[in-house]
Structures are given as C-alpha cells and as structure tokens.
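Let me begin by presenting the structure, written as structure tokens, before commenting on it.
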Amino acid sequence: MSENVGDFARLDTDRAQRRGYPEAVFCEGKTPDQVAAIAQRFAETGDATLFTRASASHAAAVLSVLPSAFHDPLARVLAYPAEPPAPAGKSVLVVCAGTSDLPVAREALHTARHLGRDTSLIADVGVAGLQRILDVQDQLRAAGVIIVAAGMDGALPGVVAGLVSAPVVAVPTSVGYGAGAGGIAPLLTMLNACAPGVGVVNIDNGYGAGHLAAQIAAP
Amino acid sequence: MSENVGDFARLDTDRAQRRGYPEAVFCEGKTPDQVAAIAQRFAETGDATLFTRASASHAAAVLSVLPSAFHDPLARVLAYPAEPPAPAGKSVLVVCAGTSDLPVAREALHTARHLGRDTSLIADVGVAGLQRILDVQDQLRAAGVIIVAAGMDGALPGVVAGLVSAPVVAVPTSVGYGAGAGGIAPLLTMLNACAPGVGVVNIDNGYGAGHLAAQIAAP
Amino acid sequence: MSENVGDFARLDTDRAQRRGYPEAVFCEGKTPDQVAAIAQRFAETGDATLFTRASASHAAAVLSVLPSAFHDPLARVLAYPAEPPAPAGKSVLVVCAGTSDLPVAREALHTARHLGRDTSLIADVGVAGLQRILDVQDQLRAAGVIIVAAGMDGALPGVVAGLVSAPVVAVPTSVGYGAGAGGIAPLLTMLNACAPGVGVVNIDNGYGAGHLAAQIAAP
Amino acid sequence: MSENVGDFARLDTDRAQRRGYPEAVFCEGKTPDQVAAIAQRFAETGDATLFTRASASHAAAVLSVLPSAFHDPLARVLAYPAEPPAPAGKSVLVVCAGTSDLPVAREALHTARHLGRDTSLIADVGVAGLQRILDVQDQLRAAGVIIVAAGMDGALPGVVAGLVSAPVVAVPTSVGYGAGAGGIAPLLTMLNACAPGVGVVNIDNGYGAGHLAAQIAAP
Amino acid sequence: MSENVGDFARLDTDRAQRRGYPEAVFCEGKTPDQVAAIAQRFAETGDATLFTRASASHAAAVLSVLPSAFHDPLARVLAYPAEPPAPAGKSVLVVCAGTSDLPVAREALHTARHLGRDTSLIADVGVAGLQRILDVQDQLRAAGVIIVAAGMDGALPGVVAGLVSAPVVAVPTSVGYGAGAGGIAPLLTMLNACAPGVGVVNIDNGYGAGHLAAQIAAP
Amino acid sequence: MSENVGDFARLDTDRAQRRGYPEAVFCEGKTPDQVAAIAQRFAETGDATLFTRASASHAAAVLSVLPSAFHDPLARVLAYPAEPPAPAGKSVLVVCAGTSDLPVAREALHTARHLGRDTSLIADVGVAGLQRILDVQDQLRAAGVIIVAAGMDGALPGVVAGLVSAPVVAVPTSVGYGAGAGGIAPLLTMLNACAPGVGVVNIDNGYGAGHLAAQIAAP
Amino acid sequence: MSENVGDFARLDTDRAQRRGYPEAVFCEGKTPDQVAAIAQRFAETGDATLFTRASASHAAAVLSVLPSAFHDPLARVLAYPAEPPAPAGKSVLVVCAGTSDLPVAREALHTARHLGRDTSLIADVGVAGLQRILDVQDQLRAAGVIIVAAGMDGALPGVVAGLVSAPVVAVPTSVGYGAGAGGIAPLLTMLNACAPGVGVVNIDNGYGAGHLAAQIAAP
Amino acid sequence: MSENVGDFARLDTDRAQRRGYPEAVFCEGKTPDQVAAIAQRFAETGDATLFTRASASHAAAVLSVLPSAFHDPLARVLAYPAEPPAPAGKSVLVVCAGTSDLPVAREALHTARHLGRDTSLIADVGVAGLQRILDVQDQLRAAGVIIVAAGMDGALPGVVAGLVSAPVVAVPTSVGYGAGAGGIAPLLTMLNACAPGVGVVNIDNGYGAGHLAAQIAAP
C-alpha cells in the first residue's frame, strides 16, 4: 500500500482511494533532486498531485520532469496536471485581509481548485475599513465555505463568520511584526473568535486550508 | 436588530435569521442573576438556546426560569427546549481520546444535536493502543464530519484524518500536566497534523467544535 | 515632597501639583490595615483619591475611615470624595465587547469621571454581531476619546478605531480561556490592530485606561 | 467607497473623510511593482500619503512615480507631498532613550508632522544617566503629547509619564539582545509602567505612535 | 561530610566550613514534620540557620523545637539563634519600589543580617515619583551593596545602579498583573537594565538576594 | 482486543501481551466512581495494575474494591497486587536532588518495582553540595539504569550521566518558583545536558520514568 | 585526567575509561582552526572520535588532518576511524517520520554504529498514512531499542512505543513551520506521549539520541 | 553634565565622577560613522573607554580615530587606551564551560581588566567531565569574585558557587540549540541555581558581567 522512492520517501499510494484526495508533495526540507525523483514517479503513473512550498529550484526540478505542470511562483505551488478537474460540490470563496496575505490565499485557492472545487478570491478587505467587507456580503453569503487568510490582528475571520451561515476556514499568516510576529497574534485571535463557526489551520498553511475547504464543500 | 437585557447585555436577535443558528449564552464571567435575566427573555419568546460553561449556580438560575431545560452537569450545558430539533444534514461523530476528555466531547455533542444534527460518540480510543481506533474505522468512514477531542499528545485527530475523507474538527483539551499543560501541547500537535483535513478550535471549546461541525454537516 | 505612612508607604504628595491628577491607592498586595492607614491620611487632608483593586475587606477598611466614599464592588473601586469634580474637557466614551468585560469597563469609567471628565458607557457590542457596533456609530463619532474593553479575540478596538477620528484607548481583559487566556490574545490583537489610533494599556487595567483617557480629553 | 488597484489592493478611499487622516501604504510584504502601482494612484489624485517600512527598492519604486516625495532612508519613510501641512493642534515631542532607537523615533516624527502637527525630537536621554532626562524637564512639560521610544529595559516612558501631565505614547523598539530581545522586554515594561498615562503601541511601530499622537494632539 | 536526617534529607554539614556561610532550610515542599526533624538537628548542634518560605504551620513546627528563634511572618523567615552575629564588612542597604514588595525585601534583609552584615531598609521609592529616590541619594551612595526589590515595571534597580558605584543586587517580585505577571516583566527589565552593575536573582528570591549581598559585602 | 468499562473507558486489554507490561490507570480527571468501576474489572480478572496520580478519594475508591492493594499516599500510587513480581533484569537506581522531589522519585520507584525490577533510592544529593553525589559514586556505577528526579536548576542528571556508563532517565519536577517555575527550568536543563546519555520524560512524570527504566533494564 | 588543547579546550581524556564511550567534538561555535587542532590530537593518539554538526569548512579542516575519516555531509558527521567497531549488544533501529527528518536520523545512526551497535534505518513512515508504520511492525518488534525522529506533529514515537516492548528514544526535529516551529510542537508531543516508554532528547539532537540508544543497547 | 555628539548621542559625561567607572560605547545598532564620531570625542579628551559589540566595520571606524586602541576581534571589544590601569582590589577569575563560550568570557575579562582589576581565565571546564572543575578548586577558592560563562545546560555557575565563599557572576551564553536555544535554558538554570551566591546578567552580556565583577572586587 506504500511505495518507496529511493531510500528517502515512501509514497502513501492508497491515499487517493482511502481518503478520496491525491497526495501532495511538501518541498521544503527536500533537495531538488529528491523532488525531481518524486515528480518522476507521477510522470510515470499520470496521477494528479500538487507540489507545495516550492522554491525556484524546486520548481525547476519539477518542471524538468513535468514540463506541462501549472506553476504559480507567488504561491510557490505547482499542480499536475495543469488543468484542474471539473468542479463539483459547493463553492469555495477565498478572502484575504491584505495584499501581503495573497501568497497564502492563492496557495489555498489552487489547492481547492485542483481538488475539484469551484473557487474565487476577494483581496484586501481587512477590518480597518469595515465598509470593504460589508460591500461584499452578498458574495460571502453565496459561498459554500469561506477561507479567510489574515495576518496582523487576524480579526477578519471572526467578523466574516458572524455574517454568514457557512463554515469559515481561518488561516493566519506570518504577516506582521513586533509582539505576536510570525503569525502568533492572528492565530490566537482566530482561536478566540467570538463568533462560532471558525476552524483554524496552522500559520501560512494555505494548502491545509484549501484541502479542508475542499473536503467541507465535497458533493 | 439587537435588544438590550438590563444595561449589561445586548442580544444579537437577528443572528438566527442572519446565520441560521440561534444565539448561545456563555455563562462564565456572568453572575447567576445576569444569566437568569437572559433566560427570562428566552422564556418569553420561546426561542431555542444553549447555556454553556454553566456552573452549578448558573444551572440553578437557568432552571428556576426554564425548569424544563435539558441539563448535563458534566458538560456544563443546558439546552432549551430540552428536545432537540429533528436531525437533518450529515451525521456528526464525536470521538475522544480518553475518559477525561468526555466533558468537552459531550459539550460538542449536545451543541451539534441541538443545532439539528444526528450525533453519536465513541470514547477512549487514544493512539497508545492503536487497535482501538482501527477497530472503529467503519464508524469513522460512515460519518459526515468527525469531531475529535484529545488532550496530552493530541495525536488522535491527525491519525483519524488520515483514515477518512470527511473533514475533522479537532478540539484540544486541557487534560495533561507538565510541559504543554493547559492544552498547549495538543493544540500545537493538531495545528501541525501531518494529515490535511483538520480544522482546530480553541482549547476545551466543545461548543465551538459542535457548532462548526453542525455548519459543515448542514443540509 | 514625599510623606511617609508608617514605615511601609511613601506618598507622592506633590503628584497632584506636578502631574495635575491626584494619587490613587492600588490595594492589591496591601493589608487592609495598611489601606486604612493610608485612607486616614486622606481623611485628614481631604484630598481626593481613588482606591482600586479593592477586595471586600479592603473596601470595609476604607469605608470605616471614609464612610462617605463612593463604592462600586463590581469594579472594585472606591472614590473619595463620592462626588466627582464638575466635568471639563472632551467626553470619554467607554465601550465593552461583552457583559464579562463590565468590571474593567466600569473601573475605567469611574476613574475618568473622578478625574473630571464627562463619561458614558455602551456594553456588549462585540464584533460577532457587527450590527451592534454599527448601530452606535453616531455615539462613537461624538466622543472625544473612546476606551474599548474587550477579551477573547480583542477585535473591537481596531474596528472602532477604523470608524472614528478620535483616539482609542484599548484595554484587554482576562475574559476568555484556552490559548491566549489571561488576556494575552486580546492584548496581542490590540497591539497589532490594522487601524492606527489605538493606544494599549495592560490587561484588566481599567484604572490606567481611565487615567490616560482623562489626560487625552483634558481641557 | 473602496477602489481596486489591480487585483491585489482595495484602497480605503473614504478613510480621509471618515477618520480625518489619509491612508498610508505599509510596504513590507508588497513587491516594488505593487507599491509603484499604488503610488501611481496617488500621483493621479494628488492625495497625500505616507509610505512606511520602505526598503531601498520600495523607495526607488515610489520615487520613480513620485519624484518629489520626501524620503528618510533611516526611518524608511516617504511622504507625498514632501511638504507637510501647516501645523495645527498641540505640539508633539518625540523622545528616545538611545541612539539606536532613532529610526523608530523619526518614523514617528515624520508621521505626526505629515498629519499636521508641530513636532520636535530629543535623542539619547535614557535612565542610566538620569540627569539627561531631568535636564529637559521644561521641554517635556511644554509638550502637548510625548512619544517615547525605548528598547532594552524600556524604563523611560514610565519615568517621563511620572514627570508631566500630558499623555505619553510609548513605542518599544527591538533594540537589545538576550532575554526579552526583539522588543518584548521594553513592551512588558511599558505595559507595566507604575505611572499612569502611558498608551503603548506595537514594537517598532513608529507610524502607529505618530498617528496616535497626532490624533491626541488634534485641534 | 554529609549527614542524613531520616531518609529524606542529607545535610551539607561542611558547607559552613567550605563556603563560610551556614546552610538554610527551604520549607516549601517539605512537610511540617520534616521541617521539625531538621530543626531538631540544629537544636542539638546549636548551629545557626535560617528557615525560609515558612508557612504558619512550618513556623509552628520550628518554634516547637526552637522556641527562641526569631520569626517574621510577613517575610516567612525564622532565624536561629534569634540574635544575629555582630556585623562585619560593608553595609547592605535594601530598597523596595512599593509597599507590596516588602515581604521579599525583608526576607533579603533578615538573610544579610543573620549572615553578619549591617543592614537597613528604605521602602516605597518607585520611579513613578522620581523625587522619592532622588531624595535618598546620600543613603544610596553610602551603602556597600544595594539590594533593590521591585515588581511591575522593575525599573528601579537600573535607575539606582546609574546613581552609585556600589554593585546592585536586583530581585524581581511577583507583584503585578496582566502581561508579564508573576514577575516576568520586572525580571526582563532588570536583565536588560541600561546601567551596568546589576546582578539579578530569581523572582521573589529574597533569600538569594540577601545571601549574595552578604558575600559581596564580606570583610 | 479492547474492552469497554461503562461508556467512558475502553481498556487496552492486549497491551500486556503486545508490550509485555500491564496497563496502568491515570486517576486525575476521572471521578472516584469511574476509578472504582475500573478497579472492579481488575478485581474480577486478577490482572496486575497500577493506579497513579490518585487523590485521597481516588485511593479510597480503589481500596474499597481492592482492599489488599499497596498504597503510598505521598507518591499518590496504588499497586495491585501489593506484592511486586520477583525482580529480573538489571537494577534500577532512583536518585533525587532534594527532599521535595521525593513524591515523584517514589512514584518512579514503585512503578519500576511493580514492573519487575530491583530498585533502590538515594535522596537529597543535589549539586549545591557536590560532595554528596561524589560520595555515592560506587552505587551510581553499580546501577543498570539510573532515574534522576530534580527540580529548580535540574543540573543533577547531567552531572550523574557524566560519571557513569549506564543510561540516565531524567524526570524534571515542578519544585521551584519564579522564572522557569512549574518545572520548565529543569526540563530545559535536562534537554540541554552537556553529557550525553540522558533521556527525558515529562515534568513530574514519575510513572513514565519508572516504566521507561523498567524497559531499559528488562532482562 | 584532562588535557589542554591550546588555551581553548580541555579534553576529558578519562571519559572513555570512566563512561565506556569516547568523547565527541561538537563543531558548532568552534573555528575550523580549533577543530583542526583538536583533530590533530586524535591523529596523534589514534583514539576514536566523532565530529558532529560539522559544516563544510569544519569537515575540510578535519579531513586535512584525518584524511581517512568517514564523512556524511547530510548528517554533518565525521567519524574516525572510518570503520566502526564490530557490533555488540542489542540492535538499534532508527525510524523517521518524513524525508526531511533524515539528516537527524542519520546522525543518530552513525553515532550508534560508531559506538559499537548494529543499526538500521526506516524512512518516511509518518502517521498520516498509518499503514506505512503498521507494515513494518515486525521490524519494530525485533529491535532492541528504537530511535524515532519526527518533526511537525511529532506523533510517531508515541504510536511506535504503543506497539512494542522495547524502549523508544524520541528526537524531535525542527522540521515544520508556523505555531510550534523550530521543533517545539513535536518536543511537547513526545513529552506528552500517551504510551509510556519514550525518553526524549533535545530538538535535532541526533548525536544524543544515538548515544543514549547505544548505552541502552549495550551488551 | 551631558554633552551632545551630533544630534544622535548625548554622552553621560559625569558618569565617571558619579559612578567611578567610565562610560562604554555599545556599537550594535549604531552606524560606523556614528561610532567614529563618538571615538573622536574620546580622542580629544583622552578619557578611557570601551567599545563593545564592535563588528569589523565598527572596529575599523574606531581604529581610524584611535589607532593605538586594543582590539580583540573574537570578543568584539576595543579598549582605549590600550594599556589597562594598574590593578587594584580583589582578583577577578573568569571561568567558561566550553570553547564556544570564549567570546563572552573574554569580553568579561577585558572589561574587568580595563576597569582596573587583576584578571585571569580558565576555559572548558563544564560539568560533563566533573573532574575538570574539581581540578581547579584551588584557583576558584583564591579568587575575589568569579565570573562563570556557560551555555547549553548552564549548570556550571551553581556548581562553582557551591564550592567557594566568593560571589559568582553568572553570564548565560547563546551557545546551544533546540529547546531553550538563544540562551534561555542556561539563563533559567542560573536563576534557579540551588547554591546561593549567584548574580545573573543578561545572555551574552560579557560586558555587564565584567563591570559588575569589577564593582564587587573594588578596593
């Protein structure tokens, strides 16, 4: 049920069958050669996968083996095959508080899209100018599940959750500085959101947010 | 859209309409008299509600006004009316790692049930004896959403998420001692779960876990 | 310029002249006898003062010496003389997110009032039901300075600051539980508020918030 | 009320009207191209703004679009237009404990000045040589609001607050090393200042300190 | 060189010879019976000792065996014999910032006195009213070593060190609340004191401060 | 392979076969009634077990069902049957730094003894009087595995490890106060021990230390 | 019993005799010249040693003096002589959760092997795909002692310990990001493992894990 | 009493008279140009001073103005004039646990020497090989004050304090990794040292340790 790649990786090959979603490759901490060897295995089987946290050299390694893969350098994501499956289930709306949260928001977006969901994105609607989020209430209420990425005070997910009936997946980002830097401040804010309906993933974990949202929105 | 109770509370009366779920009353930090005054308002309207984190004196205050309410002292929850709505949507399965996690697990269970979901509970299946969780794989795979409550190492939600396609709502409990006491250790474990598909709520937040699960499982 | 009380306290007697505001007595960590001895000194001079963080036994000690003093047990504050000075300067509006934040909010209110400001209070307008704070925008915009007390996610001060031109004094409260308990979560949120214009005081420091607001609103 | 810049930013265009102060652009986490696109919008409207936390490449991007802007590389600030408005309201005095706190102190100074206040700066008057701060007491007492920037032990704001009637805005800096490095030690000191009258902003947040002081000193 | 008391303690009997100072008995975590058994050993040898962190029941146990011992309940210290040795070496001055720091300050005082030093105490001279510490500069400059106990912002030791040539032993106290409570804030302040010449001991460790000061002031 | 006790516990009945050691019952967080029900199951099967972290009421509940069980109230341990198995394997030596570490040290001792090892204990040999540990070097060198319990500075395990060839199991205790209280200081010391050969268990986890030592010393 | 190298190092030359294991050289924080001087001493005596945490320049310095030494750049280890002693005692199995844990796992492996144990390694069997660890149960049960290296959630050591009777040495790795990054999350998980039988070493301390395992498995 | 250097520094010119020790220049956070301007002032007056935390470019700036100054690049210290004053008072012995602690130990040594004390240094006598510190007991007992620098477990100062009657100044170093890295582990160990007589300075603060020791050893 598992398959070795060299002596350094053991692919969870029955994951797609067991869980319904394909495995992804977390590139950080792997050498480009290791990533290329793993990509080679997908080139052979044609199975779909995502490469996340891919640096430029990781991306080059993947593209040397899977030249047709989709690549978003800002989000550090590659998807193979490039074309996502036809969308099914409920829609996934990704919202981010500031421009600096976009890399994480787009990692979440690509993940949900390549796991088969209909996705869209609204950027820079943080609570400092409350009108911005109130202006998009209709879109919020139409979504099946909402991913909210925010750094600094991390207040946006709780505000969004208070406006809708859909579940909110909150992803704190490491945007910010000073006390609570590295995402600790927004993480704590999200865990303490006054409005119920917020499920939190790890700081900067756009992949995890997109995957969870895809599961929640599954048909 | 909001209604004052004395000069100390401002009920969010359009929440049920806006969000689709009734308001709940968090008792901790309120005096029994304040809780009784709020309960009185529900006695008058007949609206459904939950009272959470209710001490014995809070519970007495609620029951003096709403004598027919359901009360689980272990979970510190009261529900009014006692009878939950007819279940709709997907099923919610609550799993807990140890006997000491039961109060939080049952707070989650009552919340999801009184928000209209079909619920069930499996206790004491922590990873130290892995066979216990493997024995209930069929029940895990049949659930629409799984809430996992765990303290100490907090490893159970990640293991469960790796076995199923449904989303997992993870609630760390303050069960444990020493380094990482107060639930910090299981909280970090859950945020770092290797298997995607885990949304985390605050430590001991059974109400939040149950509410989020009810939203995910909504019809 | 300083005056000894027994061998345990040295009153900063020129503070009123130097700073323009009378000294206050922080009761926590003092014995009731020590507090009574200090109160006796004010009985003799007739100087105005506040007693903060006063337990029931501290309060009894003060009232035995200054029977006409004002006492709010919920806020753990006594003021002498009971009648505040005639208000001058701008108005101070105190806002709190939840019912459980009232003790801190009222400590702030009494402090600003007894330092000579016009004060008022709005309770339970947290961001989970955003309409509640939007409903009171006119009052927010009319204030000279706004104190916002909030626990849990601590998001309210930033939202308020984004709506007004007046400065906001934010006081995190220890209301909440789990990760970030003891007020750490709202403290970090307030320090990271996206909207500028928020000055933060220590957790549960209603006295400090009221004093700072009185200084900002001074004529 | 909000205006999109590309698909990555949504300017809070009614902020100047709603709050009375123009929007600023936080450059960190934005690409130089994004910053240039935002600067272009101000070039078109002629609206005043500040660019904060601007690296050399951010600054070059701004200056390519707004060549007449004021630029202080040490403070990492650009202001457009270069000429601040005529000062109104009370005076803002910026004080810093050591030479290394100057970048943050000057960010605060430029912010308050470009929001329309009369500003001045006193450097290197930390408490290790107490005479230095006592020597400038007259200037301290003449100020309408005092910003104090300090790292290491962070003791200066409390000492200053104890000498004056004006409110103090305290900004901890990340100057220091060892236990409490990154500004945590001075942040805690300032939150625990024995003298009331200190409002704290986030570590290294010179912009926030300057903005809050400008609001406090507003006419 | 070591001597057993029951099966639970092993007295370091050559410590007085090896180090020049007698052993002390830390009562916390020991049962009154264990403390009494240890006291019995001193009753037999007549050796001098201190009992620190002694609760009322610990004190009763000691006094039942050593009825002539000195006891300061506020400082939770007992000394045997009651009479300290004739003072030798330099003088030790204990200074504390607030009334609530007195228990720790007096534990330090008794320790230094019973280890043979000339001691005195100045209370309640915190930096919020700077004149109070400036008023006692002559006493500070006359001391051989100065112990400074302070909670909250912990700024006093650094200010004192900047005024004198003698070494300062700083002992943070757990006086305070909110962020940095339990003494963490003053501990960090003292470790980061801008003025050199400050040696720090653990929070509330009056015994350690007094012992170190006695060693520094030794003839 | 697992057996339910009521609806709150699921015993890991094949653990003795799978791991070679019987299950233990962690009493904290369980009600006395739940503990009694679990004890009843052992009364029926006669299987050996330990009850750890047993309060007085837990102990009474166990003894009402298993009146012949061994009970050490200081260590909060009960063992059933009272008589340990005949010792096999290498010897286990338990060493503790101070008298206050004895409860944890004895929990470790009872655990290793009832899992079938030869055990002994040396108390109060902390590093402040180094001669005490040097005096027992022969006993240290004769042991098959050494458990070292220490609070405060936690230096003893590293010193012991540097003297012997046997592995050391280090258990930090929550003895101490101030910075690093609750056992964090000795935990960090032990993890950073300069001498290799130290395996650390959680703070106050005497049971875990005894169990691990028993496994290491197994024949 | 100790021997100086220059004026910067004092070799513990009787360690091999006292403890039964040769000294190792921790390269981090030493200059290449210092490391070369120490290597020279081993070249002269022919004593066996390990160089750990060796950067490329450290390795070059060692190899210039000991050209025949074994070098694994990924694990940053050099061993002299290259050939390990003939294995004795029980077997040591190293298991790691992910590919990124390999450097630490291999440092542990080389250490145990060069201290005279029979060693083997299984990679990438984390709990997200539980079947992978269940597939190798026979190898786990055959081992004399198991080292488990894991980052992120750190759940693997507890799961392994629950399956076997041998002791487990757990080494958290700094693999991961966000909350609990730097290895804090897996460290806390391992200290709180529900299954007894886990001894923890410091984060990324592969050398310590290998050394402890070698001692446990000693003949 | 204070003198401005440009508009960025205000020298505490009466410090030598007030405290008896000359001012030092902390270079970190200052530009080389600022450091050169300050050095110029000492070139003009001929006053003695130390430059600490001097990078290579800081050192070049100082030496361009004060070419005869003493420079130890490892300790990042420059002293002017190069020749220290004739030693007076008691002797200062600096001891360090490992080779990597040498930079901090030597910063302490140079500081005490240039403040007029007789100094010497013993390196690499950590507690893992206890014999090394026991071998130098005579030197320890002959010292007037002992500075102990240690990283990792930080156990050495407590062990040394237990052997002597002189006071110990403990300086934790940031040597180490994993849990407690950055010097937090040895800092906590030193604050919790079981042996009294240890005064702690901030992590890596060799200057502070040397200054405090010089004051303690003053004639």
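Note that the chains are named A, B, C, D, E, F, G and H in the order they appear, and that numbering of residues resets to 1 at the start of each chain.
The working rule: contacts are C-beta pairs under 8 Å (C-beta built on N, C-alpha and C of every residue); 3 or more make two chains touch, one makes a residue touch a chain.
Remember, predicted model here, so these are calculated numbers, not experimental data.
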| item | value |
| --- | --- |
| From the options F-H, F-G or B-C, the pair that copies A-D, where over half of the contact pairs coincide | B-C |
| Between the pairs A-G and D-E, the one where more C-beta pairs touch | D-E |
| Cα-centroid distance, subunit C relative to subunit D, in whole angstrom | 26 |
| Subunit B and subunit G: spacing of chain centres that average the CA atoms, whole Å | 43 |
| Whole-Å gap separating subunit D and subunit G, where each centre is the average of the chain's CA atoms | 49 |
| Distance between the centres, which are taken as Cα means, of subunit G and subunit C, whole angstrom | 56 |
| Numbers and ranges of subunit E residues touching at least 2 other chains | 98, 128-129, 162-163, 178-179, 184, 187, 191-192, 202-203 |
| Listing of all chain pairs that touch each other, if any do | A-B, A-C, A-D, A-G, B-C, B-F, B-G, C-D, C-E, D-E, D-H, E-F, E-H, F-G, F-H, G-H |
| In the complex, subunit E residues that touch subunit C | 98-100, 102, 123-125, 128-129, 131-132, 135, 175, 177-179, 181 |
| Subunit E-facing residues of subunit H, complex | 18-21, 24, 162-167, 169, 187, 191-192, 196-203, 207-208, 211-212, 215-216, 218 |
| Interface residues, subunit E side, partner subunit D - complex | 97-98, 126-130, 134, 152-155, 158-159, 161-163, 176, 178-180, 184-195 |
| Complex contact set, residues of subunit H against subunit D | 1-2, 7-10, 12, 14-15, 28-30, 34, 172, 174, 182-184, 187, 202-205 |
